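Presented sequentially are two complexes of chain A, the first with chain B as partner and the second with chain C.
Now for the complex of A and B:
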C-alpha cells in the first residue's frame, strides 16, 4: 500500500474536494455510494415501519381479542427468547462500532425474515398471505441493503447460524394458543427493531461519508 | 453446551384447541402447575377478551377450575376463539383455541375456460350462503373420462379466491371430469362432477395492434383496425369480434356487436372534437369444427383517439387539441411508470390519478363556464 506525506496530503485534498456539492472532474459517484445506501437503508426502515403498522393491525385482528387489544401485554415465555431482541442498554448501544451496529441489524432481520416466512406458510386468509408475502419481500430488500452497506464499508457479512438448519417443526409451538403468542411477540420485536434501526442508521449517516472517501481512493490504487 | 430445561407452562387447559359444531356445549378445565402457588379461587376465565361469569365456574380440585360454555356460536375469527385462564391479577396462565363452526357444503357453479387450448382455468362458488366460520380448503380435481387417475390442481387463486389453474398435460378431443372438494375441520363436501371437452371452452388473447384513427376530416367517425390474435392462427377457427367505446369522461360503454369476422370497423355517429377510448375483444368459435360458441377474450387495452373538432366554436372547449392530449397522456404514463420504479412512496402517482384530475378539470371548467359568463 502506498505511503508517504505526498500521498497523505493528496488523500486529504480529495476528501475535502469530494465533500463539495458538484465536482464533475472527480468521479465521486462510487465514493459517495456508502453514504447514499445508508440513506436508502434508513428510508427502507421507515417504509417498512409504515407497512408493518397495517400488517400488524390486520394480523392481530385475525388472531382475535385479546391479541388485538391495545393494552395487551402477555408474559414473554422462555420460548419467545428465540426471536432476537432489539432492546439494549443505552450506553452499550452508543458504544457500538459501526461494524457491530450493522452486524446486529443484519443478523436480527435475517432471523426475523426466517420466522416470518414460516408464518406465511400457515396463515389462513388470502388477504393476510398477500400482505405477508409483500412484507417479506420488502424485508428481504432491507437485509440486502444492509449487506450492501457493510460490503461498501469493507466489513464482512455475519456468518449464518452454526450447524445444519433445524428441521421445520423443531421450534414449533406445542399448541395453537402458544403459537398465537409467538406470532404476537414476533410482530412486537419487528416493530421494536424497525424503530431502533431508524436510530442506528441515522447515527451511521452522520459518521460515515469522510472515512469512506479515503478508503475508496486507496482501493483504486491512485 | 449446558442444557437448560424449558420453564414449565404455568397451567394446562383441557381440551386444548378443540373443534366443535355450532350450538354444542363445552366444559373446559384449567389446572395450575404444581410449581405455581395458585389456587382454584385465584383464577378466572375470558373468552375473546371478555370475562366469563363466575356462575359458570366450578372448582374441581384445589388448583383446577372449570368453566361451562353452552350453545356456542360460530367462531368470531377463523384462527379460533381465544379461551384464556387468568390469575387474579389478570396475568395469562394458559389458553385454548376453540374452533366452532359447520362442515362445508358442496361447491357449486363450476365454470372453466382454456387459453389457446394450452391450459385450463376453473372457478367455482362455495356452497354455503352463510359462513362455515372455519377455514375451508378447496381442492380441484380432474381426470379423463373412462381412463386415467385423479389429478389434483396445484395453482390456486389465479382468477379470484375460488379458482385454480391447470397449466399443462391436457388432452384435446377427450372429455374431462372435473370436481371440487371442500374440507374443513368438521368434514368434507364434494361438488357435482362437470364434464367438458377442452375444445368447447376455448378463449384467446385480445386482438393485438388495435389502431384507432380519424376518417379524413369526418367529424363524427373513427376507423378501428386490429389483428387477429396470433396464438390461434394455426388452428381452424372463425373469429367473432366485438368493439366497445366510450367518451373520455364517461363510464358508459357503447358496444358494437355485429362486427363478424372482419379486422376493421368504422364507428359513426360520434361527437366531434371528443376523445374516445376504444377496446376490442375476440371469440374463437368453431375451433376444429366444434359447434359450441367459444369464450370471449379479455378486452384489449384501451386505445384513445379524437374526432376532428367542428369549425363552430362549441361551449367550454378544452383549448388543447385532442391529438396533443393523447401524446401528453402517453408521455405521462411513461413518466409515472418510471417514477414507480425509482422512487419510494410515490405509489399513488399514476395515470389513473391524472385521468381523475382531467375529469375534475372538465367538471370545474363546465361550472366556471356556467357561472357569470354571457352566452
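Now for the complex of A and C:
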C-alpha cells in the first residue's frame, strides 16, 4: 500500500541519517574548552518536558479517540519495542557508571529524534508541523548538550545504531490504527525519558562538579 | 449447635425452630428475654423490617420440656458500599502504598482483597500489620511507561463491591511533610526570622531524588500568607517580618521534578528579635535609666532580676533598688 511504502522509505532515510557521525557537534564543544554544564543539560530536559506536554496534547487530539483519552492504557505490543525504553531495573539504574548513564541518554534521544523527524514529515496540520519542528530543534540541542558533557568528561560518543539499515517497508504499520499506536508510544517514551533524564542528571550533578560554560547551539542544518 | 446468620437492614426474617413442626408449641427468646407470641407464626419467629438493634442471640425452646431446640446468632448489617481507595508514593523510588476504608460501616465483618496489575504482570501488595487496611509494594522497575492498575474488592455476607485506581508511577509521588521545623529570631535583627527543617525521614534518597520546599508564613494577626519556594537547602531567613509580631510558619516538600506537594508541616511560632524594653515599675527605674543610658549593655541582666510583672511588695522593691545601685556602680567603673 502507498502509506506502507512511504513509511518504509522514511524509516530507511531515518536509519541512514542516524548513521551519520555527530562529529560536527564535537568541534563546537572543543572550541569552548573544558567541561560542559550538567546543570544546563538538566535545565534543557525540564524545558523539553514542558514543551512536550503542549505538543503531546495537540498531537493526541489530532490522532483522536481513544488516544487522547486520559484513561487510555493499551498493552505494550512487540512492535513498540523499537522505540528505546527508559524503563530500567532499580538497582541497575543506581549502579550505572557516569559513562553508561550519559550514553543511555545520548542513544535514546538520538533515536527518538529520528522517529520524531519522520513524524514531522507526515502530520496533517500546519500548526502541528510547526510545533514538531520546534520540538525537534530543541531535542537536537539536548542531544548536542549531552554529547558535549560526554566529550568534556573524556567519554567516547556512542556509535550509531548497530547493523545495516532495515529494508524499506520492514517496520511499516500494517494499518492506520497501528500507525497511530506507534505515534502514541513514541510520545509516551519521550515523556518518560525526559522525566528519567531529570533524575539521571540529578545524580550526575552530585558526582561530577559542574563547570559553567556557555554552549553555543548552532543549527547544523539536518 | 449454634448457627450464625446475616441479614440486611430492612429485610423480613423468618426463623424456624430447627426440625420442629410448624404447629409445635415453642418459646423464642432473644438474648435470654422471652419474645411475645405476637411475633410468632406457628413455631416460626417472624421479624419484619429488621434494624441493627435486633442483632443478638435467638433461641427456641420446646414448649413444655424447655429443651433448647434451635439457636442462632443474628447479625443485621448492610452490603458494602463502594470503598474509598488511595495510593501514594511517599518513599520514591522504593515503592508505594495503598490504603482504603469504607465510606459507611456495614456492621458485619468485611474482607478486603487488593490486586495490583502492572501491564501484564500481577504484583503482590503486602499487607501492613499496622495500620490495618493498608498494603505496600516495592518497585521492581523505575521509569515505567505502563500504568499501574489497583483493584480493591470488599466482600461480606450480604454482598460485594469494588473500586479501581489507574495511575502512572510518577503521578502518585507525594512526600511526607518536612520534619523538625524550627524558627528562631535572629539577634539584633528585628525583621528577621531563621527557619530550618529536615527532609522527611520516609524519603529514602534525597541525594538522587532531591526535594524542593515551599515555605509559608504570616503574622498571627493577619490572614494572608506569604510564600517562598526554595529549590535547595533546608533553611531560609525571612527578612521582611513585621517587628515584634508573632509569626506562624509552615513548610511543605515536593520531589524536584515529579508528583505533588506534601501536606503542610506542623506549624511553628516565632517572634523576631526585639530590643529589650527599658521601663520598669519601681523606684529603681530612675537609677537604672541614668545608668542604662550610659551603658546600655547592662540593661538585660537588670530586667532578669526585676521581672516587669513580678514587682509586688517591698521585698522585691528592695532587691530591685539594690540591683540598680550595683549596676550604677559597675557602669561608673566602666566609663
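Assume the second predicted complex is superposed on the first by the 165 of 222 C-alpha atoms of A that agree within 3 Å, B and C clash if a C-alpha of one lies under 4 Å from a C-alpha of the other, contacts with A are read in each partner's own complex, and residues count from 1 in each chain.
Note that in this section a residue touches a chain if its C-beta (ideal position, glycine included) is under 8 Å from a C-beta of that chain, and two chains touch if they have at least 3 such contacts.
Please read all numbers here as calculations on a predicted model, not as lab measurements.
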Room on chain A for both chain B and chain C (clash or fit): fit
Which of chain B and chain C A:188 touches, first, second, both or neither: second
Partner chain in contact with A:126 - chain B first, chain C second, else both or neither: first
First (chain B), second (chain C), both or neither touched by A:75: both
Partner chain in contact with A:62 - chain B first, chain C second, else both or neither: first
Touched partner set for A:175, first chain B, second chain C, both or neither: first
Minimum C-alpha spacing, chains overlaid - chain B and chain C, in Å: 12
Contact residues common to both interfaces of chain A (with chain B and with chain C): 75
Interfacial residue positions of chain A with respect to chain B in the complex: 43-44, 47, 61-67, 69, 74-75, 77-79, 124-126, 175-178, 180-181
Residue ranges of chain A touching chain C (in the complex, touch as defined): 46, 49, 71, 73, 75-76, 85-90, 93-94, 185, 188-189, 192-193, 195-196, 198-199, 202-203, 206
Of chain B, residues touching chain A in the complex: 6-7, 9-10, 13, 16-17, 46, 48-50, 76-82, 84, 91-92, 94-97, 135, 157, 161, 344-345
Footprint of chain A on chain C - complex, ascending: 93, 119-120, 139-147, 149, 166, 170, 207-210, 256-258
